[in-house]
Amino acid sequence: MTTVGHLINGETITDNARTQDVYNPSTGKATKKVALASVETVEKAIAAAQAAFPEWRNTPPIKRARVMFRFKELLEQNADHICKLIGEEHGKISHDAAGELQRGIENVEFACGAPELLKGEHSKNVGPNIDSWSEFQPLGVVAGITPFNFPAMVPMWMFPLAIVCGNTFILKPSERDPSSTLYIAQLLKEAGLPDGVMNVVNGDKESVDVLLSDERIKAVSFVGSTPIAEHIYATANANGKRCQALGGAKNHAIVMPDADIDNAVNQLLGAAFGSSGERCMALSVVVAVGDEAADTLIAKMQEGMKGLSVGAFSDPSNDFGPVITQQHKEKVIGYINSAEEQGAKIVVDGRKPNVEGYEDGFFVGATLIDNVTQEMESYKAEIFGPVLQVMRAKTMEEAMKLINDHEYGNGTCIFTRDGEAARFFSDNIQVGMVGINVPLPVPVAYHSFGGWKRSLFGDLHAYGPDGVRFYTKRKTITQRWPSSGVREGISFAFPS
Amino acid sequence: MTTVGHLINGETITDNARTQDVYNPSTGKATKKVALASVETVEKAIAAAQAAFPEWRNTPPIKRARVMFRFKELLEQNADHICKLIGEEHGKISHDAAGELQRGIENVEFACGAPELLKGEHSKNVGPNIDSWSEFQPLGVVAGITPFNFPAMVPMWMFPLAIVCGNTFILKPSERDPSSTLYIAQLLKEAGLPDGVMNVVNGDKESVDVLLSDERIKAVSFVGSTPIAEHIYATANANGKRCQALGGAKNHAIVMPDADIDNAVNQLLGAAFGSSGERCMALSVVVAVGDEAADTLIAKMQEGMKGLSVGAFSDPSNDFGPVITQQHKEKVIGYINSAEEQGAKIVVDGRKPNVEGYEDGFFVGATLIDNVTQEMESYKAEIFGPVLQVMRAKTMEEAMKLINDHEYGNGTCIFTRDGEAARFFSDNIQVGMVGINVPLPVPVAYHSFGGWKRSLFGDLHAYGPDGVRFYTKRKTITQRWPSSGVREGISFAFPS
Amino acid sequence: MTTVGHLINGETITDNARTQDVYNPSTGKATKKVALASVETVEKAIAAAQAAFPEWRNTPPIKRARVMFRFKELLEQNADHICKLIGEEHGKISHDAAGELQRGIENVEFACGAPELLKGEHSKNVGPNIDSWSEFQPLGVVAGITPFNFPAMVPMWMFPLAIVCGNTFILKPSERDPSSTLYIAQLLKEAGLPDGVMNVVNGDKESVDVLLSDERIKAVSFVGSTPIAEHIYATANANGKRCQALGGAKNHAIVMPDADIDNAVNQLLGAAFGSSGERCMALSVVVAVGDEAADTLIAKMQEGMKGLSVGAFSDPSNDFGPVITQQHKEKVIGYINSAEEQGAKIVVDGRKPNVEGYEDGFFVGATLIDNVTQEMESYKAEIFGPVLQVMRAKTMEEAMKLINDHEYGNGTCIFTRDGEAARFFSDNIQVGMVGINVPLPVPVAYHSFGGWKRSLFGDLHAYGPDGVRFYTKRKTITQRWPSSGVREGISFAFPS
Amino acid sequence: MTTVGHLINGETITDNARTQDVYNPSTGKATKKVALASVETVEKAIAAAQAAFPEWRNTPPIKRARVMFRFKELLEQNADHICKLIGEEHGKISHDAAGELQRGIENVEFACGAPELLKGEHSKNVGPNIDSWSEFQPLGVVAGITPFNFPAMVPMWMFPLAIVCGNTFILKPSERDPSSTLYIAQLLKEAGLPDGVMNVVNGDKESVDVLLSDERIKAVSFVGSTPIAEHIYATANANGKRCQALGGAKNHAIVMPDADIDNAVNQLLGAAFGSSGERCMALSVVVAVGDEAADTLIAKMQEGMKGLSVGAFSDPSNDFGPVITQQHKEKVIGYINSAEEQGAKIVVDGRKPNVEGYEDGFFVGATLIDNVTQEMESYKAEIFGPVLQVMRAKTMEEAMKLINDHEYGNGTCIFTRDGEAARFFSDNIQVGMVGINVPLPVPVAYHSFGGWKRSLFGDLHAYGPDGVRFYTKRKTITQRWPSSGVREGISFAFPS
């Protein structure tokens, strides 16, 4: 069985000490092992990144950007292979993996604009003959810790921008689906990145602890669940590091009575069940305003869901694949059970999907639940499965209050045709990413990604303009030149 | 004896429970008392700020800015009174107080540009007929905790920008010199600020603890010493607040052999001894490169220091005044003693200044110490007194290494006539604010203030563009309008 | 009878040679004379501006901005007097004059942000150890030529920004209502502007010809009618000057069947008849989509217009005042006549207004015309009077085609509740300033003003960010410092 | 003999009517013909561009950018072929052609950032519940007219940015060396650009006249000599087009007494003689401050020039190649003659270069002239040949006055080690592109290129941020949504 290793200083190596199984969630079988880095291995990676920093920092931004131009080409050329690696270990269908990869590539495209993005501000004559300007200098060695659900995209929210800003990078990807991430990192070498600038360590808590405590690490970017995000943020800060930590979500859509319901249903099917709902921007709650809208919506969703198929990643006709592990499957089903027990109505039940030939796969079918209320466990928690819950509100204000009261504030959406309702919603909703008739309002790569409330810890959002600010520190220089006589001609005398 | 109170919801009130003496450091006498807010009082302020938020947030930025235009006028009209209040409680001479106030006003001027500063980014067609834009929305109630050394300026680094961005504010100024700060805040009401938008609570740790723990406070800005800054930062973050905490400094100047020494000496006199060295940007260490430069510098500094006079704030012919307390005076003298004991040479000794008629004032005279080394206590710590220490380096690299090795990285400066030396220095020095022949490289209000290393905790610097980003949260909206038939004319039919 | 003079080098002077009458349009009587500058007078102004330039250019932007801060205060303090001067010579009612002045002041407020607005872009390491940055330097002496309809506002679109960018200025205001403009310029001196930086010459074609030909003038800003704008633009360019020339308009509103008609009518009343329609952003054509919308609109407009009163500027209960001259009154009435003759229906006829006590005033009453078509003279031309023409379209596309086919493209507006219709309109309409349910979509001072097609000649719009670019020229500096040995220590040797 | 044709609507076609010979300047032989477009052919190109516009304009910027990503790859893959085409028809050596191409590619790289560059500004609450934002929309069909000296680079200053902003393009390259330009344009199709978006017409005045007069052309970018630039600018403006027209240059370097002369000489050799001086940024005049600096410079230049070799493009060991035509060769020699006649000293004489085997080539050898004065013909005119003229000034002020008095103001440079001299120079020199120890201060692609005085006609500089502004028009939208009842729930009633 292959063991997925680490990428340190341009070489792929394996720690022998400890490994963990990597599963194919479609079959339920372990197919590879992943090396779990020891403290020494992580420190080796840090040392490599530290050594590579001075020269990389002094490389002109346009040259750093050109590595990203080449990297984009390589990602595109190797897209099929990357998607296959994602499918095998994560379970998502190839069209979904391709979408993820594309979103990742968009961040590489943004990083190609580094020379523009790194411009400082220059002020002439802040005082008489005194000038001042700002420079945005790299931090040094920075680290990223990323989740299983987007093994290609989420790392690419981080390292392309960090690297193009002049930092060197250590990535600790999820140990559940490490192969695509490692492969992508290896392409950077082919793209011309000097050894040591990008490093990958696979591992578990042991690796993370080193990254959070070693003083050579200047910043940590994290994406995962809220409790871990909170821990990472507090620990990194206590250790003098800059940190941004993205956590969980519970993304609501409001469906207004004037909405185009057919359109809304079409959009919701993908937003709720795509990637088995294992997305921090998955749309997991619909709040219908008025029973009429609710009843129509339920009926049309039920109809639409008949066409959805769950199955193995390898069949591109499937709409979505398995969840990541057996335990996670049980957890998702547990939430559905609890909703049922607490009084909700299971309209479409995906607890026992029939996936012929893949009986051991970690599948959950698309599930629709009606009459969900604020007190239910399934409402409070992030389920991270193909489960859409419907709530009913009498007014738009009531619907908005639900959203504003929830612990999370990542994404949200409204379906309406009305300009005023949309503007009131986007202005007043306590959520960082808002869609108007757009169910997955993930900002494009040249804007920034970030939730509010307990969905993000830190001042700055991920990628885009905020990402540039996160991966650089501001230096402000104020300059005055006293007359040295050179200009006035005194200096004619001196070489004599 | 007057008791300095709190400003809550537009009214100045006094807590009766606890007070503390406020001294005139020039005479050494307590002249007023300051109320120390109870938990209840702080919570009352928070409630007022919370109540004022919704309307203030919805006030158009240009209207918020106009309060700042009017505030600037009032500050200018009342400048003499403010400077007198500063002098009485802090001890700084009127010309120095006027300089401080002016720097504060510059932040108000910057805040007047709010409509420009709050512009979001708009992208048409992020996808077909899909638009996306960002808004920078206020955080809610935010707090500032400020030090004694700039009772007017440092608060104005914070609240004008926070308020103009749509937040409401609670300021906890230093309890040592609270009167000018309170007076300034009162002017805001006259400038047209609605009650509750700006509140001041005087107090001690009890108040601070409330501000750090109450969940209605969304952000905390702090300026003070590094240990407290670190504590504030960790606590605020742990409580889910955004925080920027500015700490201590040890600002070095390098004097190169090609420098214009007369000019350097002139600049250093003000930068080292102005405001008794009680500035986080005070120039407290000079590293001369080459013994020749060092000897010349020492000789000329000694000469220049003969003209300096320390004395009571009320005499504008004095160059600088007392330090803030008797304890602080003893601490400063203790550092001078320790330098002497550890082998440094006290070239000019200010330990026993003679200030006739003010024998109980907290005065320390301008002090120059030569042959200081990296191991000395007086070098490691921030003295915060009128003490300039001289070190000698053989090369520029050696001088830069000293600076880069120091715990703090607030400001630094080089004196040279040479373009290449200046560029190498500004590029490579590990300090956030760099001067080229400018000894106090405090960024102007339209740039941002911030040190590196243990001089600042947080991603974003204070005031200027970073200040705007700190006091706002990003919301990204993505919008698509499905055809509703209105445009195509279907709607002609419907009202019938 | 008073003669309104020129402001040159800080002094108000009068040319004796030639004068012209200034009328009070409310009474129809000449009440003052205005001096018409000779070539020599204009050249004197240019010489003054030229002489003042070097020092003003080197004044730090923040100091230039502070003149604008003070200027704003003075404008506010003297608002009543300015409005009275406007009313006497232009005829607009005080509330309208106050609105104009306020819009002018907003440009002064924007100019106060000069230090932020003038920031250049700084790039470190465009190549190894090579830096590059841009500076936006002032042009030198620049001129403004402004129309009668906004004697306070339009000049303030120009000179505050031009001056704060470091230029010196010569303004040639309209000779019909010169007093308020001159008075405003005089306040600048009180605000602390050095003599010669701002100059006003009153005059006619003779003055304009000097401004367009003298090579010391580096740029010309013009607002007026399209034929003159075109001439000014061609001539200024041929003489090597930068130019932006704003011309005429024909601003259409589309009223969609789903619009809130009561709201639309309310808005249209002010937008069509305010300031007697003598605004380049006046809403002069309504295109109703569908006969039902048209009929309702006509009925409600007719009703709403009953409440409108035309009369002397001195009575604040009037809605609008006279037009500027007797000839202009006749021209406006001529257009109404021609519409009637060409088949349109005069729904409300303002050709013979009854303004008791002001029988010789230049009054035209509010006029509403239905069934207007593309071929009519009254449709093709800019009437610049209180005349609203209604057209009927079957579809939104037909309505948009009307607008896109018109020679002018200044402003336009749509009334609808539908997000999709609004977005399609704003995207595809060939007009520079677009309102969604906003009938006068004049950009605020921190955005820029400009029409498309034959409404503006030049690349850059007026005021706001484009105004800053117009009043500055870009300089790009690229810098490398060869090692001079100072840093490495060779220099230790040289003074010996 | 091959005939170089036009690229229209994705097809390469040839006009049969008229052709002109294309020479290989290294051999002096005509080797190809170029088709000269008739009016009909140009109109066909315009029609194709017009037809392609609506769909291209609506293509999301990121998709337009992706064509540029792919175009960059193709340019790099085909670099050798492009350089050979340049060499054959222009005569420049391969290393020089490669440099040109690289600079062109950098503009493509910048264009890849279109989504970032096209962001408009969004303001919430410009009034209560009123929002306003700007969009930068494409102009339509735009044209570029480019010179022989950079057949690859100068077109790429224009069309990548114009196209990525959503415009469609017609390029009229120089008829002297058309092949590389056409080939590059053909690569765009392979990169995925839709037919009609990019078109090339070869031709002469007949084509240019159509481009300047046809009303479907919305903007013209031109690079060439000043008299033609001036004509193009006036004509385009008179015909209602936006225009930027870059003209001639006379770029001076000042050598200060404190300069590193060896470094300066090294830099000057390339800057003066590279590409036979046929560059608008060629360094053609050196002003030495002080006779000592002048004498040293002359001596070292003379020495350095011994190593320079002029010869055929096909031998990469040559430093530079022939000039473009026999007539131009004679013109260059004529200027050298006139300098000699007017009293200058020909220090190194390149009038009769010996290039074995290429006796009919259009070669001029590197020429150094001393004692040049302001009155000489060779000083007033742009020679555009491998001729460096030396002037002597007593002071820096005198040297700067020479530069400021010259008709042109494209580029300039100072050699000094002194910060103050450099800052004084860059601040006060009346030239648009300034080098500090950088002899060819061509701004990088993410800054903008433009001279002052008679070197550029137009407000905006070429490429970079100004290029984006040039190729787009600003639209400002102001939006308010009246309540339609949808939000409040009235709408529940209506479909019933």
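Read from first to last, the chains carry the letters A, B, C and D; within each, the first residue is number 1.
Here is the rule we go by: contacts are C-beta pairs under 8 Å (C-beta built on N, C-alpha and C of every residue); 3 or more make two chains touch, one makes a residue touch a chain.
These numbers come from a predicted model, not from an experiment.
S.K.: Kindly point out which of A-B, A-C or B-C repeats the B-D interface, defined as over half of the contact pairs being the same residue numbers.
M.R.: When the contact pairs of B-D are compared with those in A-B, A-C or B-C, A-C matches.
S.K.: Could you tell me which pair, C-D or A-D, is linked by more C-beta pairs in contact?
M.R.: Between C-D and A-D, contacts are more numerous in C-D.
S.K.: Could you put a whole-Å number on the gap between the CA centroids of chain A and chain C?
M.R.: 48
S.K.: Go ahead and note the Å separation of the Cα centroids belonging to chain A and chain D.
M.R.: The answer is 42 Å.
S.K.: With chain centres taken as the means of their Cα atoms, state the distance from chain C to chain D in Å.
M.R.: Each chain's C-alpha centroid was found; their separation is 36 Å.
S.K.: Going by the contact rule already set, what residues in chain D reach two or more other chains?
M.R.: 62, 115, 119, 121, 123-124, 126, 134, 416-420, 422, 436, 444, 446, 479, 481-482, 484, 486
S.K.: Within their complex, state which residues of chain B touch chain C.
M.R.: The contact residues of chain B facing chain C are 62, 65-66, 69, 72-73, 106, 109-110, 112-113, 115-117, 119, 124, 129, 131, 256-258, 289-290, 292, 394-396, 416-424, 427, 444-446, 479, 481-484, 486-489, 491-492.
S.K.: Would you mind writing out the residues of chain D in touch with chain B in their complex?
M.R.: Contact set of chain D toward chain B: 58-62, 115, 118-128, 133-135, 416-420, 422, 436.
S.K.: Which stretch or stretches of chain B touch chain A in the complex?
M.R.: For chain B paired with chain A, touching residues are 121, 123, 126, 130, 132, 134, 233-234, 237-238, 240, 242, 260, 263, 417, 422, 426, 431-438, 441-444, 446-450, 452, 454, 457-461, 465-466, 469-470, 473-482, 484, 486.
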